Structures are given as C-alpha cells and as structure tokens.
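All chains are identified by letter, namely A, B, C and D, in their written order; residue positions are counted from 1 within each chain.
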Amino acid sequence: MLYFASDYMESGHEAIFRRFLETNGEHLTGYGSDRYCESAAEKIRAACECPDAEVRFLTGGTQTNQVAVDALLTPWEGVVAAETGHVATHEAGAIEWSGHKVLTLPQHLGKVDAAELRALLKAYESDANREHIVKPGMLYISHPTEYGTLYTKAELEALADVCGEYRIPIYADGARLAYGLAARGTDVTLPVLARCVDAFYIGGTKCGALIGEALVFTKRNLPERFLSRLKQHGALLAKGWAAGLQFDVLFTGGLYEQLGAHAVEMAERLKAGLLAKGRELYIDSPTNQQFIAADDALLAKLEGAVAYGFWEKLPDGRTVIRFATSWATKAEDVDALLAFL
Amino acid sequence: MLYFASDYMESGHEAIFRRFLETNGEHLTGYGSDRYCESAAEKIRAACECPDAEVRFLTGGTQTNQVAVDALLTPWEGVVAAETGHVATHEAGAIEWSGHKVLTLPQHLGKVDAAELRALLKAYESDANREHIVKPGMLYISHPTEYGTLYTKAELEALADVCGEYRIPIYADGARLAYGLAARGTDVTLPVLARCVDAFYIGGTKCGALIGEALVFTKRNLPERFLSRLKQHGALLAKGWAAGLQFDVLFTGGLYEQLGAHAVEMAERLKAGLLAKGRELYIDSPTNQQFIAADDALLAKLEGAVAYGFWEKLPDGRTVIRFATSWATKAEDVDALLAFL
Amino acid sequence: MLYFASDYMESGHEAIFRRFLETNGEHLTGYGSDRYCESAAEKIRAACECPDAEVRFLTGGTQTNQVAVDALLTPWEGVVAAETGHVATHEAGAIEWSGHKVLTLPQHLGKVDAAELRALLKAYESDANREHIVKPGMLYISHPTEYGTLYTKAELEALADVCGEYRIPIYADGARLAYGLAARGTDVTLPVLARCVDAFYIGGTKCGALIGEALVFTKRNLPERFLSRLKQHGALLAKGWAAGLQFDVLFTGGLYEQLGAHAVEMAERLKAGLLAKGRELYIDSPTNQQFIAADDALLAKLEGAVAYGFWEKLPDGRTVIRFATSWATKAEDVDALLAFL
Amino acid sequence: MLYFASDYMESGHEAIFRRFLETNGEHLTGYGSDRYCESAAEKIRAACECPDAEVRFLTGGTQTNQVAVDALLTPWEGVVAAETGHVATHEAGAIEWSGHKVLTLPQHLGKVDAAELRALLKAYESDANREHIVKPGMLYISHPTEYGTLYTKAELEALADVCGEYRIPIYADGARLAYGLAARGTDVTLPVLARCVDAFYIGGTKCGALIGEALVFTKRNLPERFLSRLKQHGALLAKGWAAGLQFDVLFTGGLYEQLGAHAVEMAERLKAGLLAKGRELYIDSPTNQQFIAADDALLAKLEGAVAYGFWEKLPDGRTVIRFATSWATKAEDVDALLAFL
C-alpha cells in the first residue's frame, strides 16, 4: 500500500519522542506555565520577528479555530470565511455551536478576495437593517488553503488593509503552515504572516508533531481571561508542556522548515512526474497537496493499492482526488506511485 | 525543592515514550479508527469485564466531562453533582457554557449520598412547577473524589439503584482512577465500576500518561453521532492513535495498576510518617492525596522548599494544604518531606 | 405621509382590543393553559383540517423560528434554507446563537428548489467525511417568501417528498401567511400547508394581531418537554392567553381570511396602477409586498412623502424598494400613492 | 371559586385596553422606535429621577432576566444570586442555556446578605485557582423577593457598596415591583432603586399590564449593540410600541402606584384577618404574597373552593401555601376567603 491520503496519518518526528524520553524525572508546572512552553514561545517569537507575540499551545485545528474565533468575536459577531474555508465546511458546526455565524465569501482557488471582502463589509455598514444582521467581526483565512494554494504577500497586505479600515482582526489557520512557508516562490514568510494578521496558528499535528498547534497573537491582543476561555472550551491542557515541548523541538535548528521543505520537495517530484506522464493537475498547488481528476478506471486501479483523499465529483463524472505528501513521505514511495499510475 | 503539588506535574511514563519511538515510519488512520485505539479499547473492555463497552480517547478531564455531560443530556436537562464536584467548581463554567445547569447536592467527604439524591429526584418529580425547573438528567460522581475519598461498592450500587429507578445515567469522573483502584481495602474494581455506572473515564493525564483520558460507555449507550459531537466540542483528535497508544501501553502487563499502587504506597508512607510525627490528617484519604491543616509558621517553612497544593482556609486561621503523590514519586522524596516537616 | 414601509407598522385589529376589554374581571390560568388558547387552538385545528395538531402561541417571528428550529433539530444538526431565508439573513444570528448552522441553497424568487434540496441531501449522505459536516436536519421555508412569492401546492409536495425520503421535517415561516392564503390563484390552502409540512406558524404580528404568532405542529410531533424549551428560550408567556385570545378572534368568522384578502386587494390595486402608469415591477409578487426599481429622482421625490422599504441596490445604480400593503391599508392611500408616483 | 393563586392570572387594566382601542388607524415605527416607547421611557426616567436612563420594553420576566444577564456579563462570567432567586430555580435553565453559571449565596428571607456577598467576591479574588473558577460578574437580586420580602434602602446601599468595590453591576428583578414600592414602611422608592442598582426591570405582566416588562439601565450603561442582542435572544418586538404603550398608561397619573397600593391593601386586609383568626404567617411579607402553613385538613377544605399557590412541604408534614393578591383583587373576595378559612 502506498500512503498519500493525508498528512496526519503518520507518526510524529523522532526528535520529539527522544526529547520526551529525556523529560523522565522532570517536574513541570501546569497549564502551559512551564519551561518548555516558554522556550517554544520565545523561539516562535524570534522566528516571527514579533517580540510581543503571545503564544498558547492547543491540541487540534478545529479546537484552535473554535477558541480563537470565539475569543476574537463579541457574542453578536460572526466570522467571514471563504465558502470552502475549514470553519465553514468541515468542523461539524463547531463555530455555530459556540454561538457564531460563519459569513461566507466566494472562494478563488480557496482564497478570499480583498475587493469582495471590502464590498461585504461596506454593504454591511451601509445596510439600514444592519442591526438585524450578524456583524462581520473578523476574517478567517487558511494558509495554505484547503486547496493547497497560497496567498501572496500582496494579497495578505490587501486583506490587512481592508480589515484595518473596518477595524476587524484577521486570523489565519495554519494547519499546514510548514508546507506553505516551504513552497517555491512564496513571498510569505513567518514574519510577513505575523505582521499581516492579528492571530494565526502554526500547525503541528500535520507538520511533524505528535499532536499540537501553536496559537499566536501578534498585536498585543491576547484575549482577556484567555486561560479561562480555554478551560471553558475544554481546550486547556493540564500538561501544557507536552504540546510546548514539541514546538520547542520543531523550532530548534530549523526542523519545522526542514520538514516543510521535505514535503514540498516530495510534492514537486510527484507533480513533475504527473506532468511528465501527461496527467493534468486539477489545481496548480505549490504545497504538499496535489489534485488530479480521476476517471473510474483509475479509481478502480488505485483501490487497495494507493491511499488517497476523496475531494469531489465533477459534472463530467470524474472524481477529483488528492495525493498529500508529508514531512515523512519517502522519495521511493513517490516514485512507486508515479510508476503505478 | 520537594514536589508534592499535584500528580499532573511530572512527565509521562517511559514505556509510553519508548512505544512512541517505535511508531516511526508507521501509517495510521485518522480520528481514532487506528490499530492502537482498537487494541487499547479491547484491553479496557477486558479489564472492565464489559465486552460491549465503547471506548473513545480524549485529551483532558474538563474536556471529557463537558463532552460526556453534553452528550448524555438532552438540551433541557442538567447534571447532578456534589457541591464540591469538579464540574461544579473548577471547570471555569465549561458545563454551563455548553448549555447545562449543574444541580448540586451536599458533599459528604466529597461524595453524593444516595438518599439525598433520591430525595432530590423525588422532589423534582413531585413538584407541580417542574416544567419550570431544570430536569436532573444524570448524576456526576468522581472516584476518587476531589478529597481523595472513595465510594464503596455498596454506595455505588445504592446510587445505581436510585438512578435506575429514575432512569437517569451515572457518569464517573476517573481523573485519578488508578489511585482509587489501588487503594487499600477498596471493593470497587474496574468491573464493579463499569457495572454500576453508565459511563466513566479512565484518567491518563494524572496517572502516568503523557496526556489522555479514556471515555468508556458501558451499557451499549454510545451517544448518537458521537464523532460529530466530539468534533463540535473541538475534542476530536486527527491523530487519535496518539491517545490510544498510551492506554494500550498502560493496559499492557498491568502497568496502570502498578502506577496506581506505587502512588498509593507513597501516600501511605507519607500518611504513616505524618501520624507518627503527631500531625493530624484533615481528611482520612485512602488515595494519593493527603491533606493537613497548616498554621502560618508551617506555611512559611514550606515556602520555597516544598511544592504543595492550596486547599482552603479554615475559620481558625489555619490553611488546609494538600500533598499529592503520583506514579512518579520517589520514596526518598517522601522521607525528605517527612524529615523536613 | 403615505405609509407603505411594512405591515407591522399599524396598530392591531379593533375586534381584538374590544375582546380584550371584555376580559376585565376574568380569571385565567397561566402559561397557555387557558380557555382562549384552547379555543384558538381548536379553531386553528379546524381551519387546518388537522384534528391532531398541537398549537402554541409565541410573540414574534424570530423567536418562533429560533424555538422551532432548536426544538426540531438535534444539537448536531443544521437547518437548510434559501440563501434569502429570514433565518439566514435577518435574525441577527439567532439560529447560530442557539447552536445551529444555517445551510443555504440558492433562492429562486425566494424559494427553495426540490431538486437542489435533494442534491444537497444526497451529497451529504454520500460524503465520506459527513461526520465532519453539519447534518442537514430540517428544511426551513417561508410562505410567502421574503420576496412576497408563493410556493405552489405541487412545489410543496415535491419538497415534502424529498424531506420524507430523507426523513427530515419541513417547517414553514408564515409571518405573512394571511397574505399568502389570500393571493389570487394560489392552490395552497391552510389544509394543504398543514398536510405538506411538519410545523409552521401562522403570523399574527403582521396580519392584524397586536402581537403574536401561532406555532402549529401537524404530525403528532410536538417536541418533548416543549414548555420547558419555550421557557429556556425566554419565549414562554405567563399570560399566554393574551396571545391565544388574539388568534381566537382572528379565527372567528373568517377574520384572518378577510384581513389577508383586503391587503391583497390593496396590493393588486397598487400593482394594476403601477403597470397602468408604465412602471415595471421588479418581482411579480401575488401578495402584499410589491417591488419596483427606483432611480434617484424617484427616491428624492418619495423622501418625506411616502414611507417605503429599502430592498437592495442594483448594479445599474437604481434601488429596489418595497411598498407593503396590510390589513389596515386604505384604498384612498393606494390611490394617493399612485397619483403621487 | 376564590382566586388567590398568583398575580398573573387576571386580565390587564381596562385603561390599557381603552388606550389600545384609540390607536386604531395610527402608523407606528418598528422595534421600539415609536412615540409610545419614547413617552413611556420619558415618564419612567422622570419617576426614577434618572434622566440618563435607557429603557427597553420586553415581554416576560425570564426573557428579561436572560437578556439582561447575558448582556451584562462577559462570556466567561457568572451571575451571583440567592439560592432561591428566580434565575437560580424557576427559569428552566434559561441562564445556563445562554452560557452562564448562576453562583448561589444563602438566602435570608429571600435576600442576599452584603457581608456574604463580599466574602464570596473576596474569596474569588484571593483564590489561586480563580482562572479555573467562574468569575462572579454581576449580582442578581429580586425586589420584592420570591418570598414577598423587601430590601431596605440600607441593605441596597450595602450591596451597592460591595459591588462598587468589586466593580460588578447589580441587576434587580422587579417582576412585582409595584407591590414592593407600595409596601407600608418601605424606604425603597423608584429613585432609590435606580440609584443603587445598575439595571432593573419594572414588572408589567404581574402588575396590571397585559404583558410587558420595562428594562431600565441607569448608569449610562446600555450594553453595546443591545438591539442586536435582543434580536439574537428572540426578544425584539417588531411592534415594540405594544409594550411601550402599556407602560405609558401605567406611568400616567400614578396608575402603577395605585395598582400596587391596592394589592398591598388587599394583602394587609388578608393578613390582618388571618392573624385575627389565630393563624400564624409563615413569613412576614409586606407585599402582595402571603404565606401560611396548612395541614392536610385545610388543604382538603381549600380544594375546589380556593385557588392558591403551592410553595413547599415542611418537615412536620404541613404545606406552605401562598395567597397572592393583585391589582385586581376585590375586597369582598378577601373577606370571603377569610370567612371560608
């Protein structure tokens, strides 16, 4: 079996487990007040060139999105997202369950368009019935998006301009951030992202950690009583150090970048191979997710031999499928997949 | 420094980290559908003598309580708990945030009394205004309790009788279950607990795991669409195997029992030493938490030398403090603490 | 000033106030258990030809929608609605605040298309990731719609077929139901509506009552503990009779039908006059709401002389405005409006 | 049948219905922006000697409490109330359903004690684990209380001092405020109440209105986006004028005071009669609710002849019952009740 279904289906990086082993006999304080969380936060602040950033460690993407959105909004506000945004589609209603509406905009390769965002915010402000309408209180973006695509620096700045004009924060879901930062040709670095958005999370679960996400508030804007709000959401870890330590390892010696770079290299190898074999890519993704449209014959052939992700049915009967590489993908497996196709 | 502040302030058991290391290169499926979760569930079913039990793995106590209570109640029901119950006091309102009232009963050494529970349920049923009152829809107990005390088998059966009579489920918070099962003289085994309650969780975070809790439904009563509800609460782990593996290790070769037994042995050593030195115990706890009433002189002496838990102020000016042993406590540290006092 | 802004901006029908006066000195039981609520329910059951219907009286449309949607859904389900549906747009997030997502479908003159609904339900059922997606748990429609348009009997039956196939209930928002029932050429009567949907409300506030809406469950499907759920939502009236009495009056001697017929007659008079004057209607509405596209000159002319409703801006710069007639609109005011235009 | 079960079981005052009749043909604006709401607010501001007060009109007590508590608290705060407070007992969990915990204090004849409140707030502030505990974010009191008792001016000022010290608002539930203001010997007037608390509501439903409560914010503290929050709660009336008009009538010519005074006079007549007949009062209530302990023989005698309210069972087997007078109670009915007993 060749495994390309997703990037959260492999173990965690060995360096993390070795570091865990070294903690035996240590005494650690609770709820993220420990030395590992502090060290990881310090390294993340440095990597973001954002010395004031506040960093907190959680255990999953949906949890982090739910907590961040709920904490950045007033109870009467909603979050704006692309119609394909994770919060709008694949979180089982976690945002609504915490009381907030997801207000959607059209997606453009998974991305929100700044002009369309401005139009939505302007329409809201100029609507005589606006008090009967959910106020758009923040913007959610994902980077990479659900289609593996990336914002450019100019696109992020344009979104930041619009949000600044309407005084709402931007929050970026970085579940696969390592793969976005490592993409060829991207001009969005960690410092650029930290500067353009008000909060974001650095994905660990899909990028080499065992489990964990690092939530970063970049504008001296840690929500009030944030520890209590984490607890209220069931998101506060007694052993916060267990998540902090993982980021301490990932942000030591450039490991996070290396893991991202490896996955992207594997994806590029796959992409080049697919193109060489005359296969058309469904989306031109610069990150670790690659999409092709498969006919039924191909699906039958893959069955039992290659684990892939189902994406969507096309009107012409074909099925968009995803091959995801990860920090742990082996070159020989990519080659085997290409040979098989 | 001597560390007796709590039992979640040490690392995790080495066997778990070694097992994690062995997973390198493995491919695992997502959301708890993997081989480790299945293996751990099978071992837990066997340990509980409950072949039909459904087991799910979460990351923390408050999260597990919130999910379980919300899933076991209808939206218009509340949960009954002792006034000192964790859900009633130290969860930052996580239960209310998910829409449910905590209905409290007096605590007796941290425990709920079956007769008082029956009286509450009877009063509710016979109240002409009951549709204006929150329906008591389930019972929450903790075992051990927040005071380190334990229910007897007869007490659990009495609670089960009452709840059976009024057709409401019992849920047990087993954050420190290992220490309860290992207590001297207890007649509450895992099979007894599984038989008496409808759901409970086996605490990992405080009992040797890195992080994780195993939620067990014992009466073919897994709540409908439970995976979606976990996701809605932000409690669904993409890498569920990371929690499952830990319980697979803990329930192999009796490790969970051994870790519990060690902590209780250390607590008994501490207790005996305290009594030998003429110190009065504030509560006669058979588990890993030991309480004494300290005057200001003692508190001053402990400062900077011994990490302990603050419990409460007494009317006479003294302070109740807690010394908690754990699976990782060393006998020499207990002796050093006794020598110091 | 000529008043055509909406249909909730006039007083209530005189017969209701006279009936209120007659209640002086009466003793009435609480929470909707009184003789007026029972009498009104009996008359509504007869008018709906639905002898088993359960009827409850609330005070406003958003409140009724919120209560009905919350009570008809499980906590993990969402409500499907047209993108222009009231619950999706103009309720300040009341549905999301109660924890549920609004899943939208394209609108066709304000209506949901049965084929598109089936496609959405089928796509959900066949999605391998459906447990990560909000389950579409009911259908919300409005009749008349937010554009004043009406479903045909065949359209309602088609929706009922789809919902029956997927076992989800249909709920109809009848805020302006009187005006829908009175429309020329409609084949949707109260019995037809009651047969096709699982629950609906008969609008009072906009149709001659002082305030109040009658929520009808037609399929022996009153949600469990409905009184408690009303109370939980702050929607239970101690003096439920005050709402019940109004419907008792409206459903005596055909008053509700007469009030609806009058408004539609006034709307038809307006429509005919507009067409005679060569004005184009923006939407061909058979009910009490009439829409035209106005240029800036017309808007300036109306300013201070005619109260109308703002609808939306068109790309060509014109503004869609609404003239609403009501049960209380006078023919001379319609004529004055036509003369003025 | 003699009717003394409660004070919301009679119609509304005739003057209100006559005023409603006079509105025929009027055009009124929506959502509380009309002339009646403005006039009523102005009269209430004058009666409260609080020219800056903001007044909003809602339809019921539980609704008003839920909206006020939710709007005055942050999402992570709870409301402090006497254990017998309406929000703590008889609102079907409406406060918890909106996400907030009710933190209870012992009741003293239904009242909160300022010293106990200070102790609770101080204990919270000095608790090292306070971030894991729900923050007491406001105080709820009822005046009259659920036992018909009243705070003195000194007691209110003491509570205001404590709340001022800890910077949390006080909110008073005035469901039966007319009867409190009219009590003999009370030194709590509307201006005193308005000065001591941050928000309160003037009960209409139980004090002569058809339905309606006037929510008053006295400290330039109208919560942000309050109209949206009302809508979110389903508590915004399209025809807000229908509630406003009732308070306009009640606050014209001293009607509200007269209705309160009448009920209290009737209660005093009842009380004097009961004492004259040698009956012991269960609570010495100065308002319209009177309580006696009845044995089974008395209960049997009352059956079918006198409507009363059930209160609670006493350990000695007797039952505490309530006779409530109202603005509509007739002296001959009081005498008939006394003769019957």
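Keep this in mind: contacts are C-beta pairs under 8 Å (C-beta built on N, C-alpha and C of every residue); 3 or more make two chains touch, one makes a residue touch a chain.
Small disclaimer: the values here were computed from a predicted structure and weren't measured.
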- [ ] Using mean Cα positions as chain centres, tell me which chain lies farthest from subunit A.
- [x] D
TODO: Among A-D, C-D or A-C, find the interface that matches A-B: by residue number, over half of the contact pairs should be common to both.
DONE: C-D
TODO: Any chance you could check whether B-D or C-D wins on number of contacting C-beta pairs?
DONE: C-D
Open item on the list: Rounded to a whole Å, what is the gap between the Cα centroids of subunit B and subunit D?
Closed with: 42
Task: Between subunit B and subunit C, centroid-to-centroid distance (C-alpha), Å - done: 50
Task: CA centroid of subunit C to CA centroid of subunit D, Å - done: 33
Task: Per-residue overlap in subunit A, given as positions that touch at least 2 other chains - done: 75-76, 91-93, 97, 99, 131-132, 228-229, 231-232
Open item on the list: If we count contacts the way the header does, which residues on subunit B are in touch with subunit D in the complex?
Closed with: 75-76, 78, 89-93, 96-97, 99-102, 128-129, 131-134, 310
TODO: Quick one: which bits of subunit C touch subunit B in the complex? Just the residue numbers, please.
DONE: 70, 74-76, 99, 131-132, 135, 224-225, 227-229, 231-232
- [ ] Within their complex, state which residues of subunit D touch subunit C.
- [x] 1, 3, 6, 8-12, 14, 17-18, 20-21, 23-30, 59-64, 66-67, 91-94, 97, 205-206, 210-211, 228-229, 231-239, 242, 307, 328
